[in-house]
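Before anything else, here is the set of structures, which you'll find just below.
First subunit A sits with subunit B, and in the next complex the same chain sits with subunit C.
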Partner chain A sequence: MSLLDILLVIIRVLFAAFVPLCFIAVCVWMERRGAGFFQDRAGPNRANIFGFRAAGLVQNLADGAKLFFKEDVISDHIEHKFYFVLAPLIIFFTAIVSFAVVPFADTLVLNGKSYIMQGIPLDLGILWFFALAGFSVYGIILAGWSSTNKYGVLGSLRSTAQVISYEIPMGLAVVSLLVVYGTINLNEMAQFQGQLLFGFIPMWGIVLQPIGFVIFLIAAFAETNRTPFDLAEGESEIVAGFHVEYSAMKFAIFFMGEYVALFVSSAIIITLYFGGYQIPFLATDTLISYAKPVAFLLMVALPVIMYFFAGWIRKNNVSHYPRKNDPRVYEANIYIKCFWGLVIVLEIILFAILLFKSGGAAAHIFVVLLQVCTFLLKVTMMIFVYIWVRWTLPRFRYDQLQKLGWQVLLPLALLNIFITSAFVVALS
Partner chain B sequence: MFAEWLFAAFSILAVLGGIGLVTFRHPMNSAMSLVVTMISLAGLYALLSAKLIFAIQLIVYAGAIMSLIIFIIMFLNVRTEDLPEEKGRFLYLFGGVVVLAPVFFFLKKIIQSIPATKATILGDGFGGIKEVGLVLFKDWLLPFEIVSILLLVALVGAVVLAGKRRMSK
Partner chain C sequence: MSAKVKTMERKGASLAEKIYFIEIFRGMATTFGHFWRNLLDNSKLYVRHYPEVEPEIPVRWRGRHRLTAHEDGTVKCVACFMCQTNCPAGCISIEAGERQDDRAEKMPVKFKIDLLECIYCGYCVEACPLDAIRMDTGIYSVTDYNRESFVLGIDDLLRTPGAFSEEEYKKGGA
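Take a look at the complex of A and B:
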């Protein structure tokens, strides 16, 4: 193994491990700002460091500090302390490891060698995701059971039954997708989606499998235990469900695991149905050969976007009542300067790419960076959809939930498999 | 070398899980030991480059079946004081070991009689999902379909039984 090989292995493993962790902060922040937006209120806007609030991101730090320094209580009535401690770890660990097979960029080719861009070089793809989704059930069961608490057991009963029954429509929706793509490898699926349908529509999963997408999306909402399927928490009925007995960092690990699961299921939805890392109309090969024009366009577009973004910050980051020497205006100016600095750094990088010869290693790396950005942007948008649904729809009743899963989604998914297979056989 | 260490680790874990399954008193502990065994077996399959079996072992056995068993144990809510007193369980254990000892020596003899050849990984994507699928649907289509019908019968039976009870209410 050369030094480059080792470096790329380290980069891809670090990316797969730390990006989900960083997205916890982004998800929590988006959740709160989103809740504020949908309920027509401000959201977190008080916690600050020297007057800098970073649009509410500092609130996360405050929460983290609070949870970290809180007393970690394990009540005396808990008999099986080992399982009690193990449960949050299982949930957190399975959530992070299931991201390891999601490709965040197309295979990077350097000096004739190809480097795969996913956490672990396993071509089991979607099967790995299903295996680990099955394991996360253990965390829920053990948490509820070892809490020795009626609310805990009720919450984990609901949650387990829900996750197990929604795995079936989810799996069947994926079966029809496999018929279309002809592979279980997520990277090959993303490459397939780089093609064009009739020459002008991106061949994304959502175009080829609209019914499958709806089924998968609903099942994914149920798998992540989010509204409208968050009966496991059901604050008004069973307090907080399976994590009612947990405090301090053990609760925080549940909380973080939930948001990592949200990130991973968004990433899976993106990879299966929205072209993964692919930029629409620009497949990897096209992008490599047109690296210079794309870099030039970005060089022009970035300052323009930044100009409007700066205007938006200046308009929104002000006090809502007259104040002398408004500190928020001062804050906004600092933010705008920071962002302009970032834009200048990006411009220098793009200019460097213009200097290198086209089709070389620089172009390949540039394409990978672009695809990583596209992937993260798409995932952020999908997370927004999750938050949008959470703050818009009310919770289902439990029998409605099971009825939806078994009587609507399951037959629909089976029908979808038959229709898809008929189409694939007719067209091939 | 690394693979051999992994093999040793997975085998020891699998055996320890099996011992735990038999010796623990609380059913939840036993079930969790069985989960450890299932996962170690998946690791052993992966070392044999049987990728599909590895995935199926994780999804079906370690994931679905074991989580249902643990779900039932949770549902029954067995407490430590509810468990029956098992007098002389170590006596039974000892008796079992004595009965099984000849089988153990027999197995040991078989293993020693295996000629020492170097194992190599079969090429051409052996054990991958595509290859297994091709073999299954080309050479073994009829047995595969018969097994499917067997499973379908079991499924229909389960639905009929569940439906009957609802009607009698």
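Take a look at the complex of A and C:
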């Protein structure tokens, strides 16, 4: 192994491990500010460091510090303390590890050698995700059972029944997807989606499998235990469900695991149905050969976007009440300067790409970076959809949930398999 | 005479509603409209920027108590114990003493209101025959760091002025 090999392994493992962790902060922030805006209120916008509130991101730091220094209570009535401590770890660990097979960029080719861009170079793909998503139920079961608490047990039972019954339609939705793609490797799926249907529609999973997408989306909502399927938490009936006995950092790990699961399931939905890291109409090969025009376009577009973004910051980062020497105006000016600095750095990088030989290593790396950004952008948008649904739809009743799973989604998924297989057989 | 019967239209039975999706998308369009409007211009948020922008307190609002005084500054209260007797929370404790001016026989030497006990029902104001206790200070936020500071003495109660003019207060229905 050369030094480059080792470096790229380290980079991809770090990416797969730390990006979900960083996205916890982004998810929580989006959830809170988003919830605020959906309900016509502001959301957390007061916590600050020297007057800098970073649009409410500082609140996450404050909450993290609070949870970190809180007393970690394990009540005396809990008999199996080992399982009690193990449960949040299982949830957090499975959530993070399940991201390891999701490709965040196309295979990088440097000096004739190809480097795969996912955490673990496994061919298991979607099966790995299913295995770990199924395994994370053990965390919920253990948490509810070892809490020795009625609410906890009820919550974990609900969650278990729900996750198990929704795994079936989810798996069946993926079966019809496998028939279309002919592979279980997520990277190959994403490459497949780089093609064009009839020459002008991106061949994304959602175009080829609309019914499968709807089933998978609903099942994914249920798998992540989010509204409208968050019966496991049902705060009005069973307080907080399976994590009712947990406090401080153990609760925080549950909380973080939940948001990592949200990130991963968004990433999986993106990879299966929205072309993964693919930029629409620009497959990897096209991108590499047109790296310079794309870089030039970005160089033009970035300052324009930044101009409007600065206007938006200036308009919204002010106090909406009479205030002398509004510190928020000063704050907004600093933010705008920081973002302009970032734009200048990006412009320099893009300019460097214009200088390098086209089709060379620089172009390959540029394409990978572009695809990583596309992937993260798509995932962020998918997370927004999760948040959007959460603050729109009320919770299902338990029998409605099971009815939807077994009597609607399951037959629909089976029907979808038949239709898809018929199409695939007829066309091939 | 038969009761007036109004038949309510039941929602959720039509096919379009049973498919769920159309209704879900309509609901999501509504919430997204709110989100997008607030994201583009957050001055359109409905909520008040509370500690900086204070709510408007109407005259009839039962705020923190105060004791009223005559024009010459002597307390109106004659220590009749009506308010203390009437208080459902038992937060008022009065100690009566002899009155030196010729207005009445008694006056309160001590007049304590424990705001942590008080339920802000306003019965003390109703009970007072001399309009000596009022809840028209307009103070809606009673906060402090220790329990002792929530027990108001006669001086505190006399010191606080009313937030409204006499005319407005009378119009408020007191």
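Methods note: the second predicted complex is superposed on the first by the 428 of 428 C-alpha atoms of A that agree within 3 Å, B and C clash if a C-alpha of one lies under 4 Å from a C-alpha of the other, contacts with A are read in each partner's own complex, and residues count from 1 in each chain.
Assume a residue touches a chain if its C-beta (ideal position, glycine included) is under 8 Å from a C-beta of that chain, and two chains touch if they have at least 3 such contacts.
In this text, all values refer to a predicted model and were calculated from it rather than measured experimentally.
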Check subunit A with both subunit B and subunit C modelled on it and let me know: fit or clash. fit
Output check: A:A16 vs subunit B and subunit C. Expected answer is one of first, second, both, neither. What do you get? neither
Which partner does A:M256 contact after superposing on A: first (subunit B), second (subunit C), both, neither? neither
Subunit B versus subunit C as contact partner of A:L217, first or second or both or neither: neither
In the overlaid three-chain picture, which partner chain does A:W128 touch, first (subunit B) or second (subunit C), both, or neither? first
May I ask you to decide whether A:R323 touches subunit B, subunit C, both, or neither, giving the answer as first, second, both or neither? second
So, A:I206: does it touch subunit B (first), subunit C (second), both, or neither? neither
On the A-aligned overlay, A:I270 touches which partner chain: subunit B = first, subunit C = second, or both, or neither? neither
What is the contact status of A:F37 with respect to subunit B (first) and subunit C (second): first, second, both, or neither? second
After fitting on chain A: smallest Cα gap, subunit B-subunit C, Å: 26
Show which residues of subunit A both subunit B and subunit C reach, each in its own complex. none
Residue ranges of subunit A in contact with subunit B within the complex: 79-80, 83, 123-124, 127-128, 130-131, 133-135, 137-138, 141-142, 144-145, 153, 156-157, 160-161, 164, 167, 184
Listed in rising order, subunit B residues that touch subunit A in their complex are 28, 32, 35, 51, 54-55, 58-59, 62-64, 67-68, 70-71, 73-75, 77, 80, 128-129
Subunit A contacts subunit C in the complex at 34, 36-42, 214, 312, 315-316, 319-321, 323, 388-389, 391-393
Complex interface listing, subunit C residues touching subunit A: 21, 24, 27-28, 30-32, 34-35, 38-43, 45-47, 49, 52-53
